[in-house]
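To start, the structure under review is shown below, and the notes come after it.
Should a chain be cited, it is by its letter among A, B, C, D, E, F, G, H, I and J, assigned in written order, with residues numbered from 1 in that chain.
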Amino acid sequence: MLFAVKMDVDIPAGLDPDVRADLVAREKAYCQELQKSGVWRHIWRHVGRYANLSVFDVESNDALHDVLWRLPLFPYMRIDVTPLAQHPSDLAAQEV
Amino acid sequence: MLFAVKMDVDIPAGLDPDVRADLVAREKAYCQELQKSGVWRHIWRHVGRYANLSVFDVESNDALHDVLWRLPLFPYMRIDVTPLAQHPSDLAAQEV
Amino acid sequence: MLFAVKMDVDIPAGLDPDVRADLVAREKAYCQELQKSGVWRHIWRHVGRYANLSVFDVESNDALHDVLWRLPLFPYMRIDVTPLAQHPSDLAAQEV
Amino acid sequence: MLFAVKMDVDIPAGLDPDVRADLVAREKAYCQELQKSGVWRHIWRHVGRYANLSVFDVESNDALHDVLWRLPLFPYMRIDVTPLAQHPSDLAAQEV
Amino acid sequence: MLFAVKMDVDIPAGLDPDVRADLVAREKAYCQELQKSGVWRHIWRHVGRYANLSVFDVESNDALHDVLWRLPLFPYMRIDVTPLAQHPSDLAAQEV
Amino acid sequence: MLFAVKMDVDIPAGLDPDVRADLVAREKAYCQELQKSGVWRHIWRHVGRYANLSVFDVESNDALHDVLWRLPLFPYMRIDVTPLAQHPSDLAAQEV
Amino acid sequence: MLFAVKMDVDIPAGLDPDVRADLVAREKAYCQELQKSGVWRHIWRHVGRYANLSVFDVESNDALHDVLWRLPLFPYMRIDVTPLAQHPSDLAAQEV
Amino acid sequence: MLFAVKMDVDIPAGLDPDVRADLVAREKAYCQELQKSGVWRHIWRHVGRYANLSVFDVESNDALHDVLWRLPLFPYMRIDVTPLAQHPSDLAAQEV
Amino acid sequence: MLFAVKMDVDIPAGLDPDVRADLVAREKAYCQELQKSGVWRHIWRHVGRYANLSVFDVESNDALHDVLWRLPLFPYMRIDVTPLAQHPSDLAAQEV
Amino acid sequence: MLFAVKMDVDIPAGLDPDVRADLVAREKAYCQELQKSGVWRHIWRHVGRYANLSVFDVESNDALHDVLWRLPLFPYMRIDVTPLAQHPSDLAAQEV
């Protein structure tokens, strides 16, 4: 089940640089682990912003919330979730 | 080069049903032709809306505008375009 | 899997009264059928508006879109969907 | 009498962790006590947000304000209240 | 129980003048009847707009919705409802 | 001459508790004094918010600004002012 | 007593040209009559819009509403009113 | 003197095709004449929209309004004007 | 050449009182100097806000930006600029 | 390939003046270097704001993001990017 997820990051300028570096490194590791498991299907940078547009593939709403809540940068993000369905013109879906 | 494209469709209720059916059929054919050529990379339905979230892969801004402008439903859509860049955490991109 | 769904209805004043009455009757029948099957879990009127706040219980995003798309009043509605997850303080959920 | 209540929580990052933990614990206890008394009828997590959508059942506007004002996290919340009425298609209401 | 109610009126220019005159006359009669019964406590014109700010005194959310839904101009209005509670600094309330 | 005034209060969490208590006490005293003099005609709590909806009766725009500017909580408020006129359906006004 | 008034005009394209010309001529005559009487103190065109920014000098809110309500183009305008007070730095005001 | 001008075009679907074609042809001719005279310095298409972002070079606000007001498509446009000044980092400006 | 300029002031509560008093005094002196030179033609207080609506008369966009940029309170303001043109109904303009 | 880029700068008042001066100097140097290389084609000041409207000419979305991300003031900016295409009425484009 797919969801579009937009994440806008806003880390306070005053955050300790080591804390910040650690957060960003853990965010990247967590993101790549979820890519490997097939949950985080796409991630693109929104040009000119500290933001991304992503697509998640999860079992349920609860699974999605659980994944997002554990993002290391969650406290510094605004997240918008859009549930996606198969589009009737989508060739890839019809091949399944 | 990737762009996220959000299309919200609003066909007037008073449109002749045959005209409408023809428009929708041509939209679908055009969409699937662009999927086959690799330009229209993803298309998902926004749940609960007559709308889609898509990802296009084009050579340039001019190419994208040309493709969108020729959508049969263009006069009945509101389109929002977001340029996308490779995200530093994206595993797929690093494999290239 | 639960979703909050907000529906704002805007039927054009010029619609033929019989067409309108038929639409509204079919909407009500469809709504009650979905209540009986357990899909449409709650429906409340938004005070002072031709609008409702509802909660749906479905298997997937695709199932939700399918249900909403077939609403007789769909062409006259603006629909906002919010995916819901279990809240850690929810007693009812813990009893399950 | 029912009200939809949306609560968006924004606890400052700099708040003392013990103070924060105490606030969150008291919020949970208060929430569950109100569930037991039948006032806080539903609570769902808004996926991807530190936010909830709830339904309250109270005697009056004054009773609702009193309940919300005493939320331990009230100073850190933005709250939106929507009064709800019985919907004419609601089967549950007709059974009463 | 008090509610602030904002009504913005937008009658289509093309409406038959007699129909319009009849609607406006019935709206006024209905409004004054509710003032006499104590339900419609205040009504003020929003300067420069075809709009009013009103205060209603009703038994419940259902009663308020019932009153508003039967406004002759309801189909041509956008209505915003704000539930009001007694303010701790209000002298009039303390006198009760 | 009447004005609807909406006041949203946002006192910083870090403000010294004594300073805060003093501000709030002075705000209440000032508010009640203006009620006694007939200037602050109504004050209602906006349910679920640290906010009020009020109606002021003043001689002029300058008089209103002067009254609002001297609110002890003015630096912590966002204020929206709507000028009100007599509504042609208002029975109370016609009695004068 | 001064008010800033912003008027955005939106005359439907389908309006009969003679009706439109008559409305516009009456609007201009009414506007100039109010300028001569000192009520409509300033009128400026908002560059690139069918809109104006004006300043009115009236006795009361009721007087302002009465003047605006009788604008021939009132049914085709959106009007925003901002009450103005004397600014403490205004030299012209201090000379009075 | 430079101004950024954003034009969003919305021609009603029901407009007579010949009238529309004539309007669009006159708009193009007018636009190119103003380019030749140096007034319309830049015009770019906003990708995915029937809209443009332009830069005008005029003597005054009155001159700009006069040019925009005479656009054949003016009645079908929403226009936003932003006055521009020389930027202190602009090399081209410093060369003058 | 005239411009409407709206200034919303937001001085941080934590600013040193002497620094603040000095800023406000310099703002007033600067404002009055510009009134005397005919550049700052009107200044009105927006009732209930720490804000003003002003009209400036300058030679060019660059001149206006230069004047605004040097406002002592510029770093604490949000400024909105609207270019104004002569209105065809303006009697004062026709007298020139 | 052209993009309109709007940059709104908001440097915290509390930033060390030397750090600020260094950031601003590096921003200017970086900006001018990109002008010389033909990437930053236009930069204009938005009158009355600490903001600019710019036009960039780059090979790709990735190139644009890379350039923007390395702006010394990036952490203190809000950036909005609009992809531009050649306009069919643009004479300059036709000359190429």
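Note that a residue touches a chain if its C-beta (ideal position, glycine included) is under 8 Å from a C-beta of that chain, and two chains touch if they have at least 3 such contacts.
Not measured: the values here are computed from a predicted model.
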Please report the smallest number of touch steps linking subunit F to subunit H. 2
Higher C-beta contact count, D-E or A-D? D-E
On a C-alpha centroid basis, what's the spacing between subunit B and subunit H, in Å? 27
Counting in whole Å, what is the centre-to-centre distance of subunit C and subunit G, each centre being its mean C-alpha position? 44
In subunit A, which residues are in touch with two or more of the other chains? 2, 45, 47, 61, 64-65, 81, 83-86
Within their complex, subunit D touches subunit E through residues 1-3, 60-62, 64-66, 81, 83-86
Per the touch rule, the subunit H residues reaching subunit B in their complex are 13, 45, 47-49
Complex contacts: residues of subunit F adjacent to subunit E: 2, 4, 27-28, 31-32, 35-36, 42-47, 52-53, 55, 82-92
Mind pulling up the subunit C residues that touch subunit B in the complex? 5, 12, 15, 61, 64-65, 68, 75-76, 79-81
